[in-house]
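Paired with chain B in one complex and with chain C in the other, chain A is shared by the two complexes that follow.
For the complex of A and B:
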């Protein structure tokens, strides 16, 4: 019953997402914002595997994201490789990086894990800025502009990028849901609830956590490729950014509802347009005002409902005849 | 080579003394409340601005202004703890992290709005002065900042170990329930601890003003450094932060000898991750 209802809701949501861009200007600002919403929802969903299911608060996902953007773009610039293949290479690099990060950090908990991952992403930002011969340094990289074609992941209209981001979100969400309801998901949950107890009943905690981290790293890096193609330009400070990527992605998930399937989308639908709105409203008034508003909202959200908007909606629903929320 | 190495060591120790003081604030807040304050470096920035304006408006030397910076930021911290931070003390780590990250964004951009993004620096008579000591040079502003740091460190030590407040604070950290039972107002003590913690960081910001310019985003340059120092010494350990501060000062200063300036931070990050991985309780053992 519940599963059927969930599938129905997902199907209706997907149909809505498919026709939504038809309602607005094909190359307009609205499509671009919607595309960003989906891209960040996908990134948040990938983060959710580590942050939500394994309950390890990573603040370093920008490392994988940036590696993905650089890997495919460098392959494209130097070898003319299609970004679709580049995306696979990116995923491999991202997974390898996640594995490398896992080894020293797996035993860390809470704040310590957050700090270590934050520093990990900063290593890449500093290195990408310094290693100019490879990365172009602070100047950044541009996607070579060519004839728009599906093969080169370049499109004439913004709407195509929207569908690209939608597909990416769908893929990441399916992966997330598959993990959540698989034995891996149950093992992760066991570790989250009580690591020692999980180990006693035979969960190989280290192995399971590394699996989750690597999958999350792969997906995030692949999304980095899509971001590069969408944006046509990036530099170390934008793709390896602690605040703009790592923290924002975690924030989106937390606002939407950590560990839930719908959380990242809810969070992105709320946060990204809000940021755009504050930018549009305040950007020309004074530098910093939009960010200030953003920070204030962050504080208010944490103080009102630390478990996220989904929980807020969930508790509102719970007052009516019992419906189970979005799970935990 | 040997001379420049020892010179780097001396500079590193002097700068490291300041690092110790700004990080003590971070470690103190964690030790007593169990909160990692991501916004801590912003209080350093505010302390620098307080000292800067005292200098530019009243002509007060930043070394004197540092005491005002301590008081002003300490009061701000007290209020922030009682109004905002207090509410997440029992919340999950996620809420604590994001609350302080939100605070970071607000403070940084608030400063950007109020003061603009330009660099400001003070000019004092001893700014470029240095004493010759054999083949070595002792920079006077470095030495002054170091001396002030030692002074504040001693004052904090007396405060924590010889005053009723210090005793009550340590009781609160150890067992809040028992502390309350013997009549300690733990809420108020936590607020004082937070005030003293961010006040010390502001103090450290003020004393480096003679050799560093202030701008709204300067906190970003110190945040990882502060965490490295605090974790190196063991989060929550004040004595550890002193050792960690000196170590980080020497590491950055010595690595500057053979690495380009952009890569200095990289060394710091790698040290940080390595320490977290191998000695998460700090080099000199667990404090709590």
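For the complex of A and C:
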């Protein structure tokens, strides 16, 4: 019953997502915002594997994202390699970085884990700025212009990038849901709730945490490739950014509903347009006013529903129809 | 047949000797009680046996294979697991999902779920399988802990004060369960403060005091042992 209803809602959402860009200008501002919504929803979903299922508050996911952007773009610039293949290379690099990060941070919890991961991503930002011969330094990298082609992941209109981001979000969400309801998901939840109790009934804490971190790192890096292709240009301060990438994806998931399948999408649908809106409305009024309004709105959300907007929507739905009797 | 052989096991935290040269054996199919005053090292002994603490010295053999110094999940896979003193369920998950974790040690999710249901049946909890573990009463929680442990298919189960916070009738129910599990072939090592419970269910009793094993014998012998009476039971118990 519940499963059927969820599938129905997911199907309706997907149909809406497929039709939506048809209603707006193929290269307009609206479709660009929608594309960013989906891209950040996908990043938040990838973060959700570590932050939600394993409950490890990573503030370093920009490291994987940036590595992904640089890996595929450098392969494209120097070897003319298709970004589709570059994306696989990015995922491998991101996974390797996540593996390397999880070894020393494995036993850290809460704030300590957050600080260690934050520092990890900062190392990459500083290194990418300094190592100009490889990364172009603070000047950044541009995707070489070519004939738009699917093979080179370059498209004429923003709408195509929208569908690319939608596909990416769908893939990451399927991976997240598959993990959540697999043995790995059960083990992650057990570790999150009581590590010692999980260990004595046979959960390999180390292995399970590394698995989650590596999958999350792979996916985030692959999304870095898509971002690079979408944006045509990036520099170390944009892809390795603590605030604009690491903290933002954590924030989106937390505001949307941490650990839930729909949370990252709900959060991104809310936060990305809200950022745009406060920018449009308040940017010319006074310096910092848009960020202030944005910050205040976030505080209000967290106060109203600490478990996230998804829970708010869920309880509203649960209150309305009384047809299915006493649910679980 | 000896299922657990502990020899000269020691564990210290800084300068505190929590366990000093503890040696004992447990035979297949036995119910062995472990008693002692607070701070005697009972829970430390269980945690060290399970690999949650690394021993400073000594050896532990489970069915003839050395386990001292191995990781908890390896020891669980070899057939020994424990419950926790302050019942440590995954409170946000359902009862069934709690028990299922144990089954993942040897099966996939679907099989583990079926086995978890079977374990809940063994402890008499099938009707609350879908409830959140955080909403259960004390006797229910104790049984869920036992079911989760059973789902790993242990040969030897260490029960750490599962009867704390239970009233007499609830305790009798749980004692019935312990006897039933032994009847099904399980060996149990039981830490308990309720002397009546220990004396009625155990074949043999070990007594720890300040990290040392001071007695090992039948419940009747233990109740008469002058050292045990002085250290733990109190004068009135000897009369």
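Quick note on the criterion: the second predicted complex is superposed on the first by the 312 of 328 C-alpha atoms of A that agree within 3 Å, B and C clash if a C-alpha of one lies under 4 Å from a C-alpha of the other, contacts with A are read in each partner's own complex, and residues count from 1 in each chain.
By definition in this document, contacts are C-beta pairs under 8 Å (C-beta built on N, C-alpha and C of every residue); 3 or more make two chains touch, one makes a residue touch a chain.
Remember, predicted model here, so these are calculated numbers, not experimental data.
Asks: Which touches a greater number of chain A residues, chain B or chain C?
Replies: The partner making contact with more of chain A's residues is B.
Asks: Check the residue A:186 against both partner chains and state whether it touches chain B (first), chain C (second), both, or neither.
Replies: Second partner only, chain C.
Asks: Determine, under the contact definition given at the top, whether A:281 touches first (chain B), second (chain C), both, or neither.
Replies: neither
Asks: Does the superposition put A:201 against chain B (first), chain C (second), both, or neither?
Replies: It touches chain C, and chain B stays clear.
Asks: Return first, second, both or neither, reflecting whether A:9 touches chain B, chain C, both chains, or no partner chain.
Replies: Neither partner.
Asks: Quick one: is A:174 in contact with chain B, with chain C, with both, or with neither? Answer first, second, both or neither.
Replies: neither
Asks: Could you pull out which residues of chain A sit against chain B in one structure and against chain C in the other?
Replies: none
Asks: How about chain A: which of its residues touch chain B in the complex?
Replies: That would be residues 57, 59, 104-105, 107-108, 110-112, 114-116, 118-120, 122-123, 126-127, 129-130, 243, 247, 250-251, 254, 258, 286-289, 291-292, 294-299, 302-303, 306 of chain A.
Asks: Which of the residues in chain B come into contact with chain A in the complex?
Replies: Contact set of chain B toward chain A: 36, 84, 87-88, 91-95, 97-99, 101-106, 108-110, 112-113, 117, 216, 224, 227-228, 231, 235, 260, 262-263, 265-266, 269-270, 272-274, 276-278, 280.
Asks: For the complex, give me every residue of chain C touching chain A.
Replies: 50-52, 71-73, 75-77, 81-82, 84, 88-93, 97, 100-102, 104-105, 108-109, 112, 130, 148-149, 151-152
Asks: Over in the complex, which chain A residues touch chain C? Could you list them?
Replies: Answer in residue numbers: 181-183, 186-187, 189-190, 193-194, 196-205, 328.
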